[in-house]
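Structure in structure tokens, see below.
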Amino acid sequence: MTKPNGYHRPIDFKHGQVDMTHGSGGRAMAQLIEDLFVASFDNEFLREQNDGASFAVPPGGHMVMATDSHVVSPLFFPGGDIGCLSVHGTVNDVAMAGGRPLYLAASFILEEGFPLADLKRIVESMAQAAKEAGVLIVTGDTKVVERGKGDGVFITTTGVGVRPPGVNVSGGNVQPGDKILVSGMLGDHGVAIMSLRENLSFDTTIESDTAALNGLTAAMLEAVPGIHALRDPTRGGLAAVMNEFARQSGVGIVLQEDALPVRPQVEAACELLGLDPLYVANEGKLVAVCAATDAERLLGVMRAHPLGRDAAIIGEAITDPHCFVQMETSFGGRRMVDWLTGEQLPRIC
Amino acid sequence: MKYIDEFRDGKLARALARTIVREVQPDKSYRLMEFCGGHTHAISRYGLEDLLPKQVRMIHGPGCPVCVLPTGRTDSAIELALRPGVTLCTYADTLRVPASDNLSLFKAKAQGADVRMVYSCSDALRIAQDEPEREVVFFAIGFETTTPPTAVVIKQAAALGLKNFSVFCNHVLTPAAMVHLMELSAAGGADSVRIDGFVGPSHVSTIIGSSPYEGFAARYRKPVVIAGFEPLDVMQSILMLVRQINDGRAEVENQFIRAVTREGNQKAQRLMGEVFEMREAFDWRGLGEVPSSALKIREDFAAFDAERRFAIPYRQVPDPKACECAAILRGQKHPSDCKVFGNACTPDRPIGACMVSSEGACAAFFTYGRFRSTTRT
Amino acid sequence: MCLAIPARVVEVSGVDQARIDIVGVQKEISTALLDNVAVGDYLIVHVGHAIGRIDPDEAEKTLAYLAEMSDEDARALAAASM
């Protein structure tokens, strides 16, 4: 594209704010897109400056598509921000379907008055996250809403990828006798976010574990193409995924409390607030289910990967017409791990 | 975690369980009530009932301040929260409690009420200081553990001369409730339940000490063992109760010696006495009216009493007919005995008190234990 | 009722205020309900207030009792299997 004639004032990323013109389709919006989004995400698709991106689908295989909206508050937290979170979230959704993520679309709803410095920080974080994950952000959209009608910024990302032939992962594939594995420490993200919440604040060095897991899933599927199910335990925690799998597959699940990897600080924070780590969100972990004969090998592959160093076998699926998720406590007694009623809240009792 | 992990040792738990099995007399039954909701929670969450011999049956008591809060009081809190200019601060436990007209504090928030979850009553005080244009009301619930912190912030509010802070006081008392339970039980008839011993509350006793239970044990001839909060504490206490019952003793024993003394925390007791005084009677959900069982704010601190400040009317709201909470809270029935348990009444859509809070007998059983088949003797 | 947790005092941070630590998680709490709080004390924390103290000697006694009970149990198991 040829640059417009004459001088146009560069965007003031230090002190400027989002205003309604940035969403109105005119020159201001074009400038924001070019100077911020295109400049940061920088790839051949965006440089074409069309409304959509077109690309060839690799032959064979199966396309996978996933989408996620991100409304996290606060926008910046230890270990990450809404930007990298939005990239990781959708990359992970594609990866959990057994797909290799390729392209992302990113839509922004910006609140009038939102500092451009923060927007730049978020966008650059997205660019970095995309680069590390090996995906391109190829198209997107920007809208601006009036002050008070948004929470700073909402981001929706949609991803497409390709699933190689022979891979068939689904929450409905779990068989009795299958082993259940988790890729690492549970509860980091939720505790990191909660520590910043007003009226709950406590000091901790816990950081969000937000990460792109497609490298890990690729290694896992290469070693064990017959993995039955994959899912990342985000909202609702491990407990939500276990109950989803149990219900989808019509099986029961028994977890071993002693095998669950949880950082001592996360445990302590949960004790303080009366929370159960099983229900706390994770953004850089996955749960895998495979045949018992594959479990040790899969565990080895996970532990060899930087994002799976603390991986563990945590339980197994059983025959159970009620589809209960149970846990053997460290005492040898049993308890249920039930579906949560809404968001888990701290308690005083 | 020091003073926590050591009391969660699985190996020691199994040794305690075997000891209990060896010491129960095979033909005797030991019906033990754990009064405190925190103990109900620990028993369910660690699956302790799986480790106990069948002669020992744990009966879940009414020590859950959210569960026993009458619907009418929650209605008042919701009404307050919906008033313009009012900021209602509350512990998270009350947010989802269903009240009249299908409302809850959570739903009131969705309707525009300024309801804010706090971890501590001190947070409510801070909000009042930070937002002088708001009328900040703190929804105070809880037994004697939670009451002294409320006393502290009321005194701090007085010292600061705050004009926009008040407390809606629903604090209740443990020994009075235990006495009422025994009176209901002693009244006899088909309705009465036999309780052979009590596992006494941990942190309530840190405040009030072990002495308040002495009169109770002597009068009703039932052993009381004050138990620590961790599962090993609960199990050791059960062993101590089994031994007392075998010996025919009815004493107050303190298992939680690391945190409970005979006199308790006298500074906290003094502060409570300065700020609060006894109500003649108070409605308890499931137990009916219990005399001398609850506190109100003294005249000296009237400016911080939301009931005086806002002229809150109180309506007694009966529990739905199908609800068996009254019998369950008294230990007469088990959650699985209730017709609506698990179908119309679940933690998602709780009908009665016992399902409302995660440590209510029904919620604990539903969430942690409903996979067990329940043939109760 | 009454979820409370033992936590170590790392700093007496003001009048009736202390900073407590549990395995690296730290919080400022009120100590208005106790006297003579010192660094190193283990306090029982409930809703942001210290309601009592852990007595280390009594804690040791309880743990010693549990250990003894465990030994007796081991002996009983051994006897039963003979």
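To keep things simple, chains are lettered A, B and C as they appear, and every chain counts its residues starting from 1.
Following the convention adopted for this analysis, a contact is a pair of C-beta atoms (placed from the backbone, for glycine too) under 8 Å apart; a residue touches a chain by one contact, two chains touch by 3 or more.
All of these numbers come straight from a predicted model, not from anything done at the bench.
A comparison of the B-C and A-B interfaces places the larger number of contacting C-beta pairs at B-C. Core chain by CA centroid proximity to the global CA centroid: B. In this assembly, the C-alpha centroid of chain A lies 38 Å from the C-alpha centroid of chain C. Centre to centre, using the average C-alpha position, chain B and chain C are separated by 22 Å. Here the CA centre of chain A is 39 Å from the CA centre of chain B. Across the assembly, chain B contributes 1, 4, 37-38, 64-65, 91, 119, 123, 142, 146, 359 as residues in contact with two or more other chains.
For chain A, the set of residues that touch two or more other chains comprises 264, 267-268, 271, 347-349. Chain C has residues 1-3, 5, 22-23, 46-47 in contact with two or more other chains. Contacts from chain C toward chain B in the complex involve residues 1-6, 8, 22-23, 30, 32-35, 42, 44, 46-49, 51-56, 58-59, 61-63, 65-67, 69-70, 72-74, 76-77.
Within the complex, the chain A residues that touch chain B are 199-200, 258, 264, 267-268, 271, 273, 322, 324, 326, 328-336, 338, 341-342, 345-349. Residue ranges of chain B in contact with chain C, taken from their complex: 1-4, 6-7, 9, 11-12, 15-16, 18-19, 22, 36-38, 63-65, 91, 119-123, 142-143, 145-146, 148-149, 152, 201-204, 206-207, 228-229, 232-233, 236, 255, 257-260, 265, 267-268, 271, 359. Interface residues of chain A, counted against chain C in their complex, comprise 201-205, 264-265, 267-269, 271-272, 274, 347-349. If you check the complex, the residues on chain B that touch chain A are 1, 4, 8, 10, 13-14, 37-38, 44-51, 64-66, 91-93, 95-96, 116-119, 123, 127, 142, 146, 231, 347-348, 357-359, 366-371.
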